[in-house]
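My questions will all concern the structure given below.
We call the chains A, B, C and D, going by the order they appear; numbering starts again at 1 in every chain.
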Amino acid sequence: MFGKLIYLIRRALRNMFQSPVLCIATVGTVTVSLCILTFFAIIVLNVQSMTRHWSQEVQVVAYLDEVPSAAQISALVQSAEALPEVVEVVYVTRQQAFAGFRDRLGDDALLLDGLDDDFLPASLRLTLHEEFRNRLGVEQVVGELKKTGGYSDFRYGQDWLDRFESLLNLLRIAGAVLGGFLLFAALFIVANTIKLTVYARREELEVMSLVGGTSMFIKSPFLIEGAVQGVVGGCLAISLSYLLFTAFLAGGLETLFLASGVAEIVFLPFFYQLLVLAAGILIGILGSLISLRKFVRI
Amino acid sequence: MIQLYNICKSYSKDGTALEDVNLKIPKGDFVYITGPSGAGKSTLLKLLYVAERPTRGQILINGQNVTRMSVAKIPFLRRQLGIVFQDFKLINSRTIFENVAFPLEVRGRKRFEVGKKVYQVLKNVGLEHKLTKFPLQLSGGEQQRVAIARALVMEPLVLLADEPTGNLDLEVTLEIMDLFKGANARGTTVLLATHDREMMRRFPRRQICLENGRLTEDWIP
Amino acid sequence: MFGKLIYLIRRALRNMFQSPVLCIATVGTVTVSLCILTFFAIIVLNVQSMTRHWSQEVQVVAYLDEVPSAAQISALVQSAEALPEVVEVVYVTRQQAFAGFRDRLGDDALLLDGLDDDFLPASLRLTLHEEFRNRLGVEQVVGELKKTGGYSDFRYGQDWLDRFESLLNLLRIAGAVLGGFLLFAALFIVANTIKLTVYARREELEVMSLVGGTSMFIKSPFLIEGAVQGVVGGCLAISLSYLLFTAFLAGGLETLFLASGVAEIVFLPFFYQLLVLAAGILIGILGSLISLRKFVRI
Amino acid sequence: MIQLYNICKSYSKDGTALEDVNLKIPKGDFVYITGPSGAGKSTLLKLLYVAERPTRGQILINGQNVTRMSVAKIPFLRRQLGIVFQDFKLINSRTIFENVAFPLEVRGRKRFEVGKKVYQVLKNVGLEHKLTKFPLQLSGGEQQRVAIARALVMEPLVLLADEPTGNLDLEVTLEIMDLFKGANARGTTVLLATHDREMMRRFPRRQICLENGRLTEDWIP
């Protein structure tokens, strides 16, 4: 059994070295296709982390009725922190609120010159868990806080939240559509290439069957070949895209990114690299299977 | 051993390659199949190794009805046959050694045994020094001998040879005939499609003559 | 001459119908590759129009020293309009400025409740030509205005402008890198596929040369074939991406886009469609040429 | 017409296919090339149609030095030759008609003329009813006759036929020989590599014998 496997692998390797044109063509196609997929994955992942970065601005600000005593404050903070959706609660005094407002006004800050520094109410700022940073989660928290009482008003950037959510949806759908299309395209192109390599060797396949080769005996080296080519193509794709990635990031792209307010740019994490390899193997084997079914009618 | 009942084969509507052929070949027989070009000799052999299916009629080989054999079983039938194809059908991307070894590998023989057998049979056809060459690096006659070696490497139950000496000179032809007769003596049934009258004159055996797809003569010396 | 061309085209078409497996494989690969390019072009074009949309917010606001007379205003407006960089000049009164500020504050507008509606200065808002909507153009305009005098202050969102510019640069570089890579990938994949189809027919090519075919006689049908397959693939790619485009836009993507502040989504303009077709032809012919050079050594 | 001076050809270091061959074939000659399998007959012909270049020596065909001919000129030399390849070399994706018509199309002949000529030559080899078939739909002998038809369709200056009757029965062989003799009578120089002694016995002509790459016999009846 084990000896047979080794024998089949030997035959597969022999095949590949015997017709380098076909082998190189397949590996090249797998590499380029997976490279496109890898790039796409890098972009999607980074956009995702960017939106996660943005989503930190989804906060609930709860304005307090009047200036509370220290005991009241800690009670309110504790009850807010007890909510399952909440990560962190920060108490903002009137003065802090005033300073923050001044900062936000920027160039217009001189407008506040004549005003008292305590005309803004004190507030609690609630940061939420990531999965609650949307309209539903926010309104849930507000509902809970309302029940405890002691707050005059709540603010959570309602219109901003709507926009943010639809942008997220947009990215999600566009990513899924494009990703699906690219995955299909990669499978199609690789299967097509393998079909052509099998086509170029169809006489060989015919001879094998005429000399008594069973379907499995003839096909299995091709499947192994497909898997090997998939792995090699996957490794090459990851290396190539890493090269391109560092080459262009080193060339000043990163500073650009950071300047435009995007968080850190990361390469594909290891787990996703494994996924790319797996995709390579899958595409290689599937492509071989599909093509062999067309040409080996044994 | 081999029985054909009312075999008809037509590739297209406008003509038949074989028409109503009835034939019995006992085990261990040595039969020449002759007839003019396009008579249906190769077609008859193709039906026997199930590269084609008859349009009508039944074929029995070694008791098995080949006509309705399932696709999955065909390889196991072919492993009992040694076939020399008219156009050789060597695998061009493999060496001579690998080509001749293929029928043994298919049957899962040990590497050691394979090497010994292949060397022996290549020596029998006079090509032991071309082991590592590829088919396209051989002359026509050498390719034909490789095809013969591949058919003989297994001591087949039945040997189907389609014009096996068309590219060979008389001396080599005689050596090859010795190999065929040797296999026959060891129990292999031999069917040999040929045009070579010299060969049939020197080794008179049963002759089946096809003409336009019909069996016109069955001569036993 | 003309008869010869027709003869060559007839032979090319004959070739294609004679080996449909090869022909379909090539057309399929061209289609999918160009489809990816088309999608990429659609995204780039739309992002471009989006940034153009955004860039309309690059304005120069020139605050006036004191409340000017009607004559002074029209003089200032005229001199500003005379600047070659300026498209439009709008005079904003103190009251309009106050209303605008109130709108911008949004939820915080109640802070302005006790204030006079004329504590903000009047100003001119200058919209610039597209090519001047960057730091350089803006500073040029401000310099000119400073010479005329009569202004107390200028504002043009300095930090916003920097961010916007680096984002634009980022998009431009990323687009060029990705676009170049995708174009190369498409050429590579198509050339690879054609190489395999030529490989599958190399015996035929050899026979033709052995029977006296000149290099041109043997190659030209392949080049024509490549061109035809390129055109067909290009048309299919455009149709396919149009189908996908409408299918997913109709499926609610458009509302999402609009909700997230993106301008209208457009399909590839006609000129670009022609470019895709041209790319198809080019890729087909180039791919054939490259492959034939490898296998036809006559 | 054809002159070979000190021709050597070795495909690899370990063996030579031709060794120091000197040969003169005058215009209009009819020459058999014989010799055992692997002697170098096909190699000799390949050198003449420049599929291979000699390792040493010079070849003149019709006054042209073929040895140093540029790649761009080779097609024009080949158009003066009619070649029957040992392995036929038909284009499997083209019909019989298209295969035989190809040498005419290469030379830019009118469609009308092509149709007439192709039909005539296919009739001469007895295959006019297989016009629209593809090579793989023909029997071995039929394919060989198509290859012969393709070589004869142009009335070549030189006919190079490599084992042209290996798959043919005696009757068809005689017909084909008549065609060759006819072409020869009309001025074509014929070189015919063959093992067929019967043919040489019936039509005695000049015989060149190769053995292990050396010219060992040049017999003129």
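What to note about this one:
Heads up, the rule we're going with is that a residue touches a chain if its C-beta (ideal position, glycine included) is under 8 Å from a C-beta of that chain, and two chains touch if they have at least 3 such contacts.
Everything quoted here is computed from the prediction, not taken from an experiment.
Of all chains, the one whose Cα centroid sits at the greatest distance from that of chain B is C. Centroids of chain A and chain B (each the mean of its C-alpha atoms) stand 61 Å apart. Separating the CA-averaged centres of chain A and chain D is a span of 66 Å.
Centroid to centroid, with C-alpha atoms defining each point, chain A and chain C lie 25 Å apart. The multi-chain contact residues of chain D, meaning those touching 2 or more other chains, do not exist; every residue touches at most one other chain.
Residue positions of chain C touching 2 or more other chains: there are none. With chains as nodes and touching pairs as edges, the resulting graph is a single ring in which every chain has exactly two contacts.
Pairs of chains meeting the touch criterion: A-B, A-C, B-D, C-D. Here chain C touches chain A in the complex through residues 21-22, 25, 28-29, 32-33, 35-36, 39, 101, 107-108, 111, 119-120, 155, 162-163, 166-167, 169-170, 173-174, 177-178, 181-182, 185, 188-189, 192-193, 195-197, 199-200, 244, 248, 253, 256-257, 259-262, going by the rule given at the top. Those residues of chain B lying in contact with chain A across their complex are 49, 51, 71-72, 74-76, 78-79, 81, 83, 85, 89-94, 102-103, 105-108, 150. In the complex of the two chains, the chain C residues touching chain D come out as 4, 7, 15, 18-19, 201, 203-204, 206-215, 217, 297-298.
Chain B contributes residues 11, 34-38, 41-43, 86-87, 137-142, 145, 162-163, 166-172, 195, 197-198 to its touches with chain D in the complex.
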